[in-house]
Every structure is written in C-alpha cells, then in structure tokens.
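Below, chain A partners chain B and then partners chain C, in two separate complexes.
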Partner chain A sequence: MTPDRITPTGTAFAAILGKDLRAELRTLQSLPAMGLFAVTTFVIFRFGLDRTTLSGSLAAGVLWATLLFAALLGVNRLFVAEREQGGFDAIRLAPIDRSALFAAKAAALLAYLIVLELIVVPIFALFFLDSAAALGPLAAVLLLADLGIAATGTLISSMAVHSRARDLLGPLVLLPLLVPLMIAATGASEPLLALGGPGYHRFGTWLAVLGLYDLVFLLVGYAVFDFLLED
Partner chain B sequence: MKPGQGTGEPALSAIGLRRDYGERTALEGVGFELGGGETLLVLGPNGAGKTTLLRILATLLRPSGGELRALGCAIPTESWKLRGRIGLLGHEPLLYRDLSGRENLRFHARLHGIGGERAEARIGELLAAVAMERRADERVAELSAGMRQRLAICRCVLHEPELLLLDEPDSNLDAGGRELARALIGPGEARTRVVVSHDPERFEGEADQVLRLEAGGRPVLA
Partner chain C sequence: MYSQGLRPLSIATVVALAAGLALVFFYAPLDADQGFIQKIFYLHVPLAITSLVGFVVGGVFAVLHLRSGERRWDAWSYVSIHMSVIFGVAVLITGSIWAKASWGHWWVWEEPTLVSFLIVFLLYATYYPFRYAIEDPERQGRYASVFAVTAGAFVPLNFMAVRMAQSLVHPRVFATTNGGLPGSMLLTFLVCLAATALLWITLVKLELTAKSASGQLKRLRRALEGPVPRAGSRIAPEVS
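Take a look at the complex of A and B:
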C-alpha cells in the first residue's frame, strides 16, 4: 500500500451501501418498523377523522405527516451499527474519501423510503382516495422529497448518533430543518390529490423548490461530513 | 525504502505528546522514537492513557499538544496519507455482528481497494492462518469472543499495513489462538508494532523499547 493510494470513491460507496442493504435484508431492523408505523397511522386517521375519502390539503397533510414520522424511525437507526460495532473507526482508518460514507448512507435511507412508499402509498390510496390517478405524478414529488429527507436525515443522524440522547436530539434538530421540504411536498401534492382528479396548479414551482432543497442539503452534507467524523 | 529502515528517519516518533478530554489530561509528556520493524511495548495500569495513545497513533484522535510523526507523516496534519498503512487491533473487533466473518473481511478489503480474486485469495489465506475457514460464513454475532478476535486479527492485517497498533492482542485467545496470531501480528522486519498490554511478561521479550505510563498518562521515568 503506497501512501498516496486512495480507494476510488465509487468502490467505497458501493461497499458501504452493499453492507447496509445486506444487513437490513438480514435483520429487518428499520423497514418493517417504518411500514408498520405508517399503516397504523393511516388506520388511526381513517377512524379518527371518520372519513372514507380525503382530498386536497387534508389528504396531502395526512400522507406527508405519516411519511415524515415513519422516515424518522429509519433516520434514527442509520448510524447505530457504525456507532455500536466500530464502523466509524473502520471507515476512518480506510484510505477513502469520507463523503462516500455520507453518499452511501443517504442512498441506503433513500432506498428504505422508496420501498416504504411502494408499500404504504397504495394503502393510503386504498384507504382515502377515490382513484389512483394521482399516484403517477405523485411519484415525482415523493422521489424529490425522499432525496431531501435522505440528505438532511443522514447529516443530522451522523451528528446525533454520538449523543446519549440521540433518539431525542435527532428529531429535535431534523424536524425544523425538514419544515421547508414538507411545505413544498404538501404544496405539490395538494393539487394532485384534489377532489375530481389531479390538478397541476403551481406543481412545477413546488417541484423546483424541492429540487433546490435537495441540492442545498446534498452539497452541505458533502462539504461538512468529513469534519463531522473527526474526533 | 520504509521510514526507519536506512533513511535516518524513525518509523514513529513522539515528543511531548499530550491529549486532554475537556479539563482532564489523559496523556502528558509522552515521547519515544521507534525504528522500522521495531516493537514498542506500552505498559501501565487502567486509566494510564494506553488506549488513548494508540488511538492517537491510529489517527482516530487528535493530540492536544506535542509533536508526532509516523511513517514519515506528521500527525494530524498529514493523517490522510497514513490511512491504509495502519492496522489497528483494539478492544472492539470492528466487525459487523449481522454479517459473517467472510462478508466483514470482504467489506474491509473493498474499503482498502482490494477487490475481486485478489481479495478472495487474501481472505482465504488469512482465514486459514487463524483456523477460521469452517466458521467464516457464520454471523459474527454467533461466534465466541476468541473467534471474533481471530477475525479481528485478519481484519487488522488484511491490507498488509506497515504499522501495527495492537491493544491487548491476546485477549480472548487460547494458547492455540495465540500461536496462530503470532504469525500474523508477531514481530517481523516489515512490521513496526506498538503493543499495549497489562502483561509485561508476555510481550517484554519481543519489545525493542518499553514505555511505562502511570495513572494520569505521564511516562514513568526510569
């Protein structure tokens, strides 16, 4: 091993992401909890609101509040193995660009969110929507919002995991940071879920806001992650 | 040519090394100079800063003061150049419990840029060296502490590091395990080693130098 030899970032990214997905498939520590939480919340809304259909802002609110809090369960567990089983040390000892860890963890969280939504969004439609026409365009909103949650969640989770109060600290810092993302996501979803079929009023604007949020937090994560891993 | 092997520069040198945790000083005034292929034995009671010293040498902790050079690089300013040249065997095996031993070693090999057949050959060779081939596909969580230590030794030397940092390397190993481990992490020309131990008799024969620390992290003056 020569001093200047650095493992390619793509190789390190694939190694960390592959390890995380393999461990999740084997232990199912995050996804089932996220899915169960989301479905239970939909059931509570269904009976609590005493309505068989929802539309517009109420539907968007129910959907995004549920997905946001389900996502927090995944965010909280994102770095637990690294913290408890020495993964941080192993990664810090390796000749890699540490932003590979940020990218791999964000990609793992994004994968969890996509799988979660593939399961629970059809259940949401079944519980609350008259038709499934909104689901196609809603996928774009979900994907952009997921990317924002993954970038911000990874950043905050990497800081909170070192604290003894990580289960409290993570959401406490993360939720305010996700408010703009949630405003944009519900704003984009509201016309799609309107009574009488999907509409596209200011849809493009909200998608642009989501994209901008994603870009900002991906860049912030890339820029500061190396410093967060220092002692 | 490696530092300490004819270049005139020691493989490892420390002058007045200090590390504080808040107001508590864990290490103070530590100095030594070690040539390439030599072994430094660090002795001391609990709380003497032995593990702190090892983590500083591994670039996992920043020193609060003093000067430190390893393998020709200044720590912490050139720490990035050292990563991949150090093998750390600490209290924790740095293995994921939900993956098998072989999967863990593949993961670490990829992090160190060793892939494909080269990685498989190296992993096979190391597993054979610690007599773990038959249990290598079991989850680490299901293995005994001694077996985890054998895997941790494989992980530590997988990338053929020039500097070995060993914290109680014999812990959890039986006599057979200690003998197998010696081939991988014992003294050797290509290995500069820092060994931390509570047991002076076990390693004193292998040591070129001995650093004794007292509680509070100060070196004991002979």
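Take a look at the complex of A and C:
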C-alpha cells in the first residue's frame, strides 16, 4: 500500500469518535447506568457512614470512590460493540493508523466521564456539601483525573474484552493501576472540600502528579496499542 | 540450554546466603534503638529491592518479546514476574513482623515504602488471572507483555504518589538508603543483597530449565505419538 492511500489519522479519529458518541446517544447503554449507579452510591454512603453532610477527606473519599466505580461501568462496555459486531476486524482492515482507535476510544471515555461528572458532581454538592464554592477548582482535578482514567481504562478494556471473564478482569487489573491517581485526586480534593471554604494545600503538586500519571499512561497506551490489535 | 551454568550459580548462591547469614548474626552490631529485631532488615530490604527490580526486569523482557515476537522472551518475563511475586509475599510477611516488633502493630499505614509495595504487589497478583482469562496462547503472551510493560511504568509512579501522600507529621523511621549505616552494617547489607539477587537469578533459571525440560518431553512424546500429558498449567508459556 502506498502511503498516500492511508487515511489521515485525524479523519479516522473523528470518524471512530463520532461513531461511538452517536451510538451512545442512540442506545444510551453506558451513561444513564453510570449516572444512576453514582447517585445510588451516594445514598448508600449516606447511610453507610450515617452522615448527612460531608467535608474534607471524607467528602473527597466518597466522591472519588463513587466516580471511580462508576467509571468502571463505562470502561467495561467500551469495546463490547467492537468485539461483538466485528469492529476490530473492520479497524484491522481499514487503511488507518491503529493508534487512531486508541485515541478515539480514550476520547469517547473521556467524554462519558465529563458528562457523568457534569450531572453527578452537582448532585453530590447538593446532597452533602455546605457550599458550591469548591466546584470551580475541583473541575481542574476532575479533568486531569478523567484523562488518566481514560488512558488506563482504554488500554485495559481493550485487553479485557478479549478474555473469558471480561467484566471481571477489567476492574481487577484497573483498580490497582488507578490507586496512584486516586491518591493524587483525593489529595487535591481534600483541602478543597474542607469545612470553611476551599483550601489549596499542595494543590499544584497534586495536579502535577495527576498530569504526570496522564502523560505516562497516554504514552504507554500509544506505544503498546498496536500490539493489541494484531491477530 | 537454560541449565547452562546452573550448578556454579547454585553453589555461589548457597555460599553467598551462608556468608550473608553469618555476617548478620555474628558480625553486624546490634542496632542501638531496636536491638535484635533490626536484623530482619537484612532480609526484608534485599528481598524488596530484588522483587521490585525483578518486576522491572520482567517488563524489559516483555519489551523484547513485543519487539521480536520470540516466545522465549515471554517465558523469561513470566518467570521473572512469577518469582518476584513470590519474593513479594516474603517482603510483606517480613515487613509485617518488623512492624509488629517495632510499633506493636502488624500493619502500619504510615510506612510509605511498605504501602507502595502492597499496591504494586496487588497489581502484579492480577497478572495470573489476567493470563488465565485469555485462551489463545499467542494472544495471551502478547497481552501479558503489554501488562508487564504497563505495570513496569506503574512501579515508580506509584512509589512517588504514596510517598507524597504521607503527611509531613510522620518522619521516616527507617533509612532504607545506605546513608546512615555504619560500615559493618553496610557490608552485611550488601552481601545479603547480593545473596538475595543470586537466589532470584538461580530460581528463575531453575524454573526455566524445568519448563524447558517438560516442553522437550512433550515434543518427544508427540514425535513418538505416545500419550501427551495435559499441560500442567494453562498460564505459563511453553518453553522450547
């Protein structure tokens, strides 16, 4: 094949991402489930912890544990259509750079997570927080953490979907991988959600850790993703 | 071919281990603060270092496997990670004993190195179910290598994050770097480290030799059209 007949990666990326978002909008397979799961988990924490308001480390822990587990639901479904309806074969046949698939799937997961958080984090604030003052700076933490979850989630999900116990394997491998991300995200959120207004203790450092995590796993994903599509 | 040099290597390991233990009990001075229990340091820390380096070495073999496509590198990677997980169990147990003796608790969340190690260990423990869940052997090897590379990148990142999460109120109680050690302790520690590393290498070579022998046996049986025994393990790569 001559190089000029390869579809530009940008076009392929946009096509796959557009397909994914359209499919999600029409079937609503992942997002409503993730949202419902998150809100129900808040209610469970309300009774599990027997608290009506949360602040500081407890608030950060509840928020991030919930978001992480809700994200796992989306991660599990990310490649199911590709596997069951021959999408992987189509990608293999298409004259495109394979990393376009990784980038598009990670972008789709990122979009799901952002939409999820746009709905669920205000509900969290409404349920548990005294004021919404922390939500502004919290958005930066959320965005950086989402990027990391999207990178590792896409990588693990693309492998887990080929396994026998795919719903089991994804969370099993992904959770320990996400521990450093969880540490940094809760570390940054804890002072933000503290009683008496948001604080910024070591805020920049934690954001830098999150950024480093994103960078490392986006690069790893980009480097190894080709090997996952060979057959 | 894997058995080459195994005998001298085993002898060197035994000698180094014996020398290390002799130094620990008869040469290294008692620690002024912690007394006798501090001697577990000569076992715990070399095990931890060997185990972590072994994980990273497994990742390097995985890169070789992905680049060359030769299955023997997958076997090297698998055995490296396998041995490091076993060493990891010993690290967690000796760490627990040390924590119990010096703090009175079996588990101490304030020790960042031990906590980081637990997280790394949990991640690598999923390597087995991960391999087990993928049936096609070729794909299994490829995915396992991707796992090993990803996890190898994870190890330093995780140590950094956990170290930073410790509030500054808790000083680090043990200096795991050699900075504060007197010469006799440092010498003992280095001998123990070398002995543990030798032990790791010997065991890795031994396991590869065993795998290679059973692989050859299987091929011979197949050539003679005799009964081929069912594979003992579905997750270990076959070695030629």
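The definition used in the following text is that the second predicted complex is superposed on the first by the 227 of 231 C-alpha atoms of A that agree within 3 Å, B and C clash if a C-alpha of one lies under 4 Å from a C-alpha of the other, contacts with A are read in each partner's own complex, and residues count from 1 in each chain.
Everything that follows uses one rule, which is that contacts are C-beta pairs under 8 Å (C-beta built on N, C-alpha and C of every residue); 3 or more make two chains touch, one makes a residue touch a chain.
Keep in mind that this is a model prediction, so the values were computed, not measured.
Peer 1: Give one of first, second, both or neither to describe whether A:E230 is in contact with chain B, with chain C, with both, or with none.
Peer 2: both
Peer 1: When the two structures are overlaid on chain A, which partner does A:L21 contact: first (chain B), second (chain C), both, or neither?
Peer 2: After superposing on A, A:L21 lies clear of both chain B and chain C.
Peer 1: Let me test your reading of the model: by the given contact rule, A:Q85 touches which partner, first (chain B), second (chain C), both or neither?
Peer 2: Touch partner of A:Q85: chain B, not chain C.
Peer 1: After superposition on the shared chain, which partner residues are touched by A:A94: those of chain B (first), chain C (second), both, or neither?
Peer 2: Touch status of A:A94: first partner only.
Peer 1: Touching A:A139, do we find chain B (first), chain C (second), both, or neither?
Peer 2: In the superposition, A:A139 touches no partner, neither chain B nor chain C.
Peer 1: A:P8 contacts which: chain B (first), chain C (second), both, neither?
Peer 2: A:P8: touches chain B, not chain C.
Peer 1: On chain A, which stretch or stretches are contacted by chain B in one complex as well as by chain C in the other?
Peer 2: 230-231
Peer 1: Could you list, by residue number, the parts of chain A that touch chain B in their complex?
Peer 2: 1, 3-8, 11-12, 14-16, 18-19, 22-23, 26-27, 81, 85-87, 89-96, 230-231
Peer 1: Touching chain A in the complex: which residues of chain C?
Peer 2: So the residues of chain C touching chain A come out as 66, 119, 122-123, 126, 129-130, 133-135, 139, 142-143, 145-147, 149-151, 153-154, 157-158, 160-162, 164-165.
Peer 1: In the complex formed with chain C, which residues of chain A make contact?
Peer 2: Those residues of chain A that touch chain C are 152, 155, 159-160, 162-166, 168-169, 172-173, 176-177, 179-180, 183-184, 187, 205-206, 209, 212-213, 216-217, 220, 223-224, 227-228, 230-231.
Peer 1: Quick check on the complex: what are the chain B residues that touch chain A?
Peer 2: Residues of chain B touching chain A: 58-62, 71-73, 80-86, 88, 90, 92-99, 103, 107-108, 110-113, 115, 155, 159-162.
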